[in-house]
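Per-chain residue numbering starts at 1, and chain names A, B, C and D are given in the order in which the chains are listed.
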Amino acid sequence: MPDSTPSVGTAAPVSGGAVERAVLEDLAAASRILADHGVFDASGHVSMRHPKHPERFLLSRALAPALVTVDDIMEFSLDGEPCEARGRSAFLERFLHGEIYRKRVDVMAIAHGHPAAVIPFGVTGTPMRAMSHNAAFLAPGVPVFDIRKAFGATDIVVGSPEKGAALAEVLGDKSVVLLRAHGFVAVGPTLPAAVFRAVFTEVNARIQLQATLLGGPIAALDAEEGRKADAVNLATVGRSWELWKRRVTP
Amino acid sequence: MPDSTPSVGTAAPVSGGAVERAVLEDLAAASRILADHGVFDASGHVSMRHPKHPERFLLSRALAPALVTVDDIMEFSLDGEPCEARGRSAFLERFLHGEIYRKRVDVMAIAHGHPAAVIPFGVTGTPMRAMSHNAAFLAPGVPVFDIRKAFGATDIVVGSPEKGAALAEVLGDKSVVLLRAHGFVAVGPTLPAAVFRAVFTEVNARIQLQATLLGGPIAALDAEEGRKADAVNLATVGRSWELWKRRVTP
Amino acid sequence: MPDSTPSVGTAAPVSGGAVERAVLEDLAAASRILADHGVFDASGHVSMRHPKHPERFLLSRALAPALVTVDDIMEFSLDGEPCEARGRSAFLERFLHGEIYRKRVDVMAIAHGHPAAVIPFGVTGTPMRAMSHNAAFLAPGVPVFDIRKAFGATDIVVGSPEKGAALAEVLGDKSVVLLRAHGFVAVGPTLPAAVFRAVFTEVNARIQLQATLLGGPIAALDAEEGRKADAVNLATVGRSWELWKRRVTP
Amino acid sequence: MPDSTPSVGTAAPVSGGAVERAVLEDLAAASRILADHGVFDASGHVSMRHPKHPERFLLSRALAPALVTVDDIMEFSLDGEPCEARGRSAFLERFLHGEIYRKRVDVMAIAHGHPAAVIPFGVTGTPMRAMSHNAAFLAPGVPVFDIRKAFGATDIVVGSPEKGAALAEVLGDKSVVLLRAHGFVAVGPTLPAAVFRAVFTEVNARIQLQATLLGGPIAALDAEEGRKADAVNLATVGRSWELWKRRVTP
């Protein structure tokens, strides 16, 4: 959400090394894809772990996600310190990314947004469940992070390492965590997987809202179906990714 | 959903013969039409029976439906074996098509997708009914296929002849079958009819969701009204088809 | 909905005379406006009374409304007979227009469509009410025409003078009538007024669905507010009309 | 909503002075932004206080908001008298703007529209609450102005200084007021802030409708969270503004 100029009092962390342009283009495209799908509005951000250095991650400067291109990508340490700020403003919520990468070594990409259909599940007691195969990653459960529990009345922003760590704690070993009165975070083992999960978290929210309207019990995916369907999704995510990337590539 | 390289151990089935380019163009357009209407997202597929050989059908290779063109169309036997793979990946769910063509000699085209508004009817006990004349094909009833019943906890994919046959069995003599936690299949006596039915299955789902919200009994089409209105729709489907095709033709 | 080649056994009715091209362009634009707003899908039609002859009306040939241009406009008697068919197919539901013009001398234009949000009000017992000033024309009440009452199980099409007259009877002196399991008809004292009413019938349906979801009594416009607000709307409809027309004019 | 030619019997008020073209361009863009976001339809208007004269404000002539450019901007006294009409029609609801500027010296910009999702909250007893950080400005409460209370059955238009003053009274010190069976007004300390609030009033309405559907208590932002999050939003509104402006700038 908000942005800040990172502290400059301490030495900048050492870079994890140059990253292939195609990788950076994918990350910038991921940002535009999520804007194109309405998962991101004028805010929202998606990051990836540095391919060569597990304690660094890549994230655009504070910018509307629809506008992100390769030149906007910055590199950060897991503490959220930029390796080379060059006057660019960083997202204040970069701590959310860093602390999840720290806690979850399996996570290679993270997306955070606040689409209208998802927020209701974060402010009511209704657990989000997997309405279809595309949302199989939700079958293990979707925890809700209420920032009030540990931090009292805040500005809602996950704007410090402590808040990021508390969020990562609630995420646990799941793929998605909802943020009360704020939005959600989706993680994945690859960038396309994280983008796919962010897209289908939003779609699943709309489906579950409508299923709730019909009333009665909902025959969602069970845990084993979820596990099996998720494997299929991860194996075939390339088809969505290529289509979606094409739509946001000039 | 997922794709696979078909087995190559056995001899490929003999082709039903060359198909007119205009027919293939219609089938490719059908794929793009259903993407254009939001019935298909990055996945979904539509097939037609081979015009000259009732035991063959035509279906695109595994590809995002918005991108399908004539060159992507493959030919399959009802067992789902490609007549000429040429290295192209086939949709794993091609068995769904083959087994319905086997069981239903009246069916000439089949569409399968998973739009958000339709899925709720497959995971709740609410029967889908025909809310208006355009959905007359639903008036005889809309069965739900729950893959768990015969196959236990699966990856949801209709990925074998056995699963396809079980689905065809539940479809029976109807025009649409819902797939629990997955999507739906619509069939028709012509390609435009199957596309029309897929489009209006999605529209009807939205209407019924809203009618449910208003509460009270719903004065849906009865069986006789459905039969009569369906005849009108089949006679006039060309008007929708021409408009929709024009929208997806470069 | 469906179309037919009008009977040719009897002499064609005499034309009401040439109509200014600008008037025909407005009528064709009205058709495209209603498609552009999603009030019409691949079907739907809008007509106007002949400016010089109250017993004639103008309506496009049977064609997807998004495609209508001046050359598609046909002229009909109130009996639905074309003055000059020239091989063009007429909408079978032209009788709906003719019979309303016959019964309602104040009506100068009529639109008929079946948007998803409106149909629920025709299949449930929930009366449509005026949720805001723009829907003031609904404040006097919105009757529902159930074709089963007089005609039993039909194909739903208002395809004869008798059915058109029965619909006109239910419309009475109101501005909008809902057709059970079919759609709606909106009428107005001018073409822009009828288009405005068709657009805001659809918008009002969405608003009332949402207000119903919130629960509790709804403080809709009362009859006197409706009368006063409608006068304002009729006086200022030109602003909407000009904007909407611009959007569909190449 | 409606427009009128302002009275010419009295001397026109003296202008507050020339306004920079960039400021006027921002105001015209604000109008187009709100149309682009669906907050405005063919009507709706947004104004700003004159930068050099607190008793003057700037508002487009009566025109569809999507079409507004710099040349359409007029200047008015708080009484709603144009400084220089030059034959242009003024919005009749300009009084709404003038009276709020009179009562609220902190308000620098005002937007008024009637999106479908917001109206339900004005016709039912459900209070609108802040569903997420972006809607923090709603946390202090959202009053409802029912024009019937003081004026009986009207045409709903806020078409006189008296009606504008009554609306301003109900607004009080809040950021948004709902108008029964009509729409809403959002105010802000800057033009981008008022636009942001108008956009997120609409988004928040959609979120709250969906949260209501899920049922149970809603953990909305509390007053202190709202205060803190609003400060963040006001500090970072430029990111949304730049993106949105870019989208409506040729």
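List of remarks:
The rule is short, and it goes like this: a residue touches a chain if its C-beta (ideal position, glycine included) is under 8 Å from a C-beta of that chain, and two chains touch if they have at least 3 such contacts.
Please read all numbers here as calculations on a predicted model, not as lab measurements.
Counting steps between touching chains, the shortest path from chain B to chain D takes 2. Taken over every residue number at the interface, the positions common to chain C and chain D amount to under half, indicating a different-residue contact. Chain A and chain C have Cα centroids lying 47 Å from one another.
Between chain A and chain B the centroid-to-centroid distance comes to 34 Å (mean Cα coordinates, whole Å).
Shared interface positions of chain B, defined as residues touching 2 or more other chains, are 213. Interchain contacts close the chains into one ring where each touches exactly two others, per the touch definition above. The complete set of chain-chain contacts reads A-B, A-D, B-C, C-D.
Chain contact summary for the complex, chain B toward chain A: residues 1-3, 41-43, 62-64, 66-67, 114, 116-117, 119-126, 146, 148, 153-157, 180-183, 209, 212-213. Against chain C, in their complex, chain B makes its touches with residues 130-134, 136, 203, 206-207, 210-211, 213-222, 224-225, 228-229, 231-232, 235-236, 239-240, 242-244, 246.
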